[in-house]
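Across the two complexes that follow, subunit A remains constant while its partner is subunit B and subsequently subunit C.
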Partner chain A sequence: MGAGHGHKLHFHGHSAIHRAPAHLKVLALLGFMIVVVATPRTWYAAFALYLLALVVVIAISRVPLTYLLKRSVVELPFVFFALLLPFVATGPQTEVLGVSVSQHGLEAGIALLVKGTLGVLASLTLAATTEPQDLLAGLERLRLPVQLVQIMAFMVRYLDVVTGEMHRMRIAREARGFDARNPRHWPVLARSAGALFIRSYERGERVHLAMLSRGYTGRMPR
Partner chain B sequence: MHVPDGFLDAPTSMATGAAAVACVGISLVKARRELDDKTAPMAGLVAAFIFAVQMLNFPVASGTSGHLLGGALAAVLVGPWTAVLCMSTVFIVQCLLFADGGITALGTNIMLMGVTTVAVGWLVFRALQLALPKRLSVVPAAAGLAAFVSVPVAALAFVLLYAVGGTADIPIDSLATAMVGVHLLIGVGEGVITFLAVGAIVAVRPDLVYGARRVLARRELEIKPRVVA
Partner chain C sequence: MSVPVLDVRGLAYAYPDGHQALFGVDLHVHRGERVALLGPNGAGKTTLVLHLNGILQAGAGSVAVSGLPVEKANLREIRRRVGVVFQDPDDQLFMGTVRADVAFGPANLGLAGAELDRRVMAALDQVGMAEYVDRPPHHLSYGQRRRVAVATVLAMEPEILVLDEPSSNLDPASRRELADILRSLDVTVLMVTHDLPYALELCPRSVVLSGGTVVADGATYDVLTDEVLMEEHRLELPFGFDPRTALPPGR
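Take a look at the complex of A and B:
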């Protein structure tokens, strides 16, 4: 079990960005994105500047840009929405390549694409350069409630265990010739989800008892 | 689907962020009553479960598939306050470690997909439980209906937020029709799967289902005389 050592998006490295304290990185990401979101949508020069700053940070971190771009597919549904905007928004019309589209919709669509892409790239940079353990310590330093950080710590620790369990259940289903193709197969999948909940819950109980037997009193030792 | 950065304007994002902080804060206090010192490990494991179940794809038709949101499911399984904590944790981790959903939209995502689905799901579930006969077999059906209602209501909440702080002037009534229409369909899937999943759990370990506790407490131990043939 390799849980607790990096995660799917983490890119191992020793750059200044990797070594920077996690709480500063979270604050930097938050501050950067608030500025990006608050920037009026037609200030294209400002967005170019933000992108430049982001690319410089990525270059310092030595995470290959292709590594980040490949993982920015999470953005795709909203790219689709952004492309749709010029056609559904109202307001004065304008011509683009001979097609009449809404001026406001076009601007909003471009702004959404630009801001969303900056957001995904910046978040990916944080995820790629920060170990989960450092991130949790950073969040605690940011005065997030200890209890919430603990819940997150347990979630991150057992994420791979629970998803691994689900993966094994899928292999077991497929080994028995199960292939989910339409809603008629939902009961099987729902029973799997139910079994997964029972297993996760019981694992939580076992973990809790194991912690109690090691002297846990409701907060983690430092 | 997570709201990305730049979808809503800065003031709206800040407002939902503040609301999310308040909701998570209240839930932290209240969840201790549901779980006491078990809170951290149990909520952590349930959050991991929600995360995993959101990756479980349910085939819809001809190659398309959907997945569970899990708000109402979590509310029925572990209680509303713990559920809000679990859902919020899932969104925070998805945002910071998986770049899913923008960090300025984190509050929006927590309020829409965490707090709204849990609150609506739980209220509908409780209302149905009060109205319907108090039997164990009713619990999965009530959970399914609650899950069905929670999805379009969350979509409607999104439309309201968009009306306040949207960045493009789409006619709100057509956006509302489209969003609620699509999410009614998604809600059907969410409802059916929640019904089936809760049914599977109630059949095996009814004691683990928070929403079934009141029903279980009313059950009395029956000692039947052995029938000698």
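Take a look at the complex of A and C:
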């Protein structure tokens, strides 16, 4: 495990966006998303305006646009669905590049694509400019129930530990001749997933013991 | 004789599945001592440790810490007095920053504000990790995490520090640095370990636990040079190590 800073989604910087209080950024993102989702899907000028606003924010934050675009591949399943919509939806047909598609589906697909991309870019900008710890503190200031914040905090803390464990198990599998392309080896994957679950569960118990040992009585200290 | 920091009498324990791990353990540790708890795998060492701060409740017999019996009513004070450092620092360090982690124990004791800060920084100073106070624990090296794990317990100003395999998985330099830190602390130490040279280096006294009972209790040097005892309880010195020629500091 390295000694680097921050999380994979975080881009280290000191811009005004980086320094803005986390709870304000969360509220801004939430407000932005509500406005984007509520905008009628044929108001294309409005969407262009949203994109422009977002690009301005990204420019101020000095996070390279390519950095965000690379990470927006998480959107791919939605893109696939959006591309599929014009072909599966019913209703009046229209011609695009000589292919007959559903007018209704085409509009829905474009709207999904546009709204989804705006959402993903905005969320990635928040993640790139806010340390996970600050984000959690921000959510707490927004009066999110403490239990939820704690669960997220533990997730952030143990994400690397569990993925590290997963990575070591994969290496151990492959070192003993496991081949992911061979269907006869697939049951092993299921058993590995089960083993990972049990290991994580047992780690949870050990962490709980360590917490009890330091006087934990069911409430995190403030 | 003064009241021992740790007073274990006739402690027996069976797990809920019926497996009996301890069969009447007697152990006394006095203020300022550093004691190694040795024994083969499955001897009951971890089970014993979990009794010292009341995670497990004695089936029979008793445990007292500086005269205070380990009972439900006293658990909070017991857990302040007994600081347990678990083997895997990833189990011990569960908060997002080193500061929050070291503060967790004392904050549970009700400390806050400047006094809490003072405790945190003092504990981190003792293990030489003060400059890492705002880093997330999972970004530290393994040796650094082990040292922070020790600090999380030191911040509670315990009367006895209980360490489970403190030298495991450390590279030789980190292992030596941890030894220097432990030697510099003014606190009673009980150290569970398989690392016999480490026990000889740090602990003048050793207790051997085997099959759920104490089978030897004496000077570490005498225990490690008792070949019959060592062989009987699956204790082995690493290749090339001879306590007779290894001179621990201060002897």
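Simple rule for what comes next: the second predicted complex is superposed on the first by the 215 of 222 C-alpha atoms of A that agree within 3 Å, B and C clash if a C-alpha of one lies under 4 Å from a C-alpha of the other, contacts with A are read in each partner's own complex, and residues count from 1 in each chain.
Please note the rule applied: a contact is a pair of C-beta atoms (placed from the backbone, for glycine too) under 8 Å apart; a residue touches a chain by one contact, two chains touch by 3 or more.
Since the structure is predicted, the reported quantities are computational estimates derived from the model, not experimental observations.
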Touching partner for A:133 - first (subunit B), second (subunit C), both, neither: second
First, second, both or neither for A:153, with subunit B first and subunit C second: both
Which superposed partner A:33 touches (first subunit B, second subunit C, both, neither): first
Partner chain in contact with A:214 - subunit B first, subunit C second, else both or neither: second
Subunit B versus subunit C as contact partner of A:161, first or second or both or neither: both
Contacts of A:203 with subunit B and subunit C, given as first, second, both or neither: both
Subunit B versus subunit C as contact partner of A:75, first or second or both or neither: first
Partner, of subunit C and subunit B, that touches more residues belonging to subunit A: B
Subunit B versus subunit C as contact partner of A:89, first or second or both or neither: first
Subunit B versus subunit C as contact partner of A:46, first or second or both or neither: neither
Subunit A positions touched by subunit B in one structure and by subunit C in the second: 132, 153-154, 156-158, 161, 203, 207, 211, 216-217
Subunit A partner contacts - residues on subunit C that touch it in the complex: 50, 53, 55, 76, 79-80, 82-84, 86, 88, 90-92, 94-97, 103-105, 107-109, 136-142, 152-153, 156
Subunit B residues within the subunit A interface of the complex: 1-2, 4-7, 9-10, 13, 24-25, 28, 37-49, 51-53, 55-61, 68, 77, 85-86, 88-90, 92-93, 95-100, 102-104, 167-171, 174, 189, 192-193, 195-201, 204-205, 208
Subunit B contact footprint on subunit A (complex, rising order): 7-9, 26, 29-30, 33-34, 36-38, 41, 71-72, 74-75, 77-78, 85, 88-91, 104-105, 107-109, 111-112, 114-116, 118-120, 122-124, 126-127, 132, 135, 145, 147-148, 150-159, 161-163, 165-166, 180-183, 185-187, 189-198, 200-201, 203-205, 207-208, 211, 216-218
Residues of subunit A touching subunit C in the complex: 1-5, 132-133, 136, 153-154, 156-158, 160-161, 203, 206-207, 209-217, 221-222
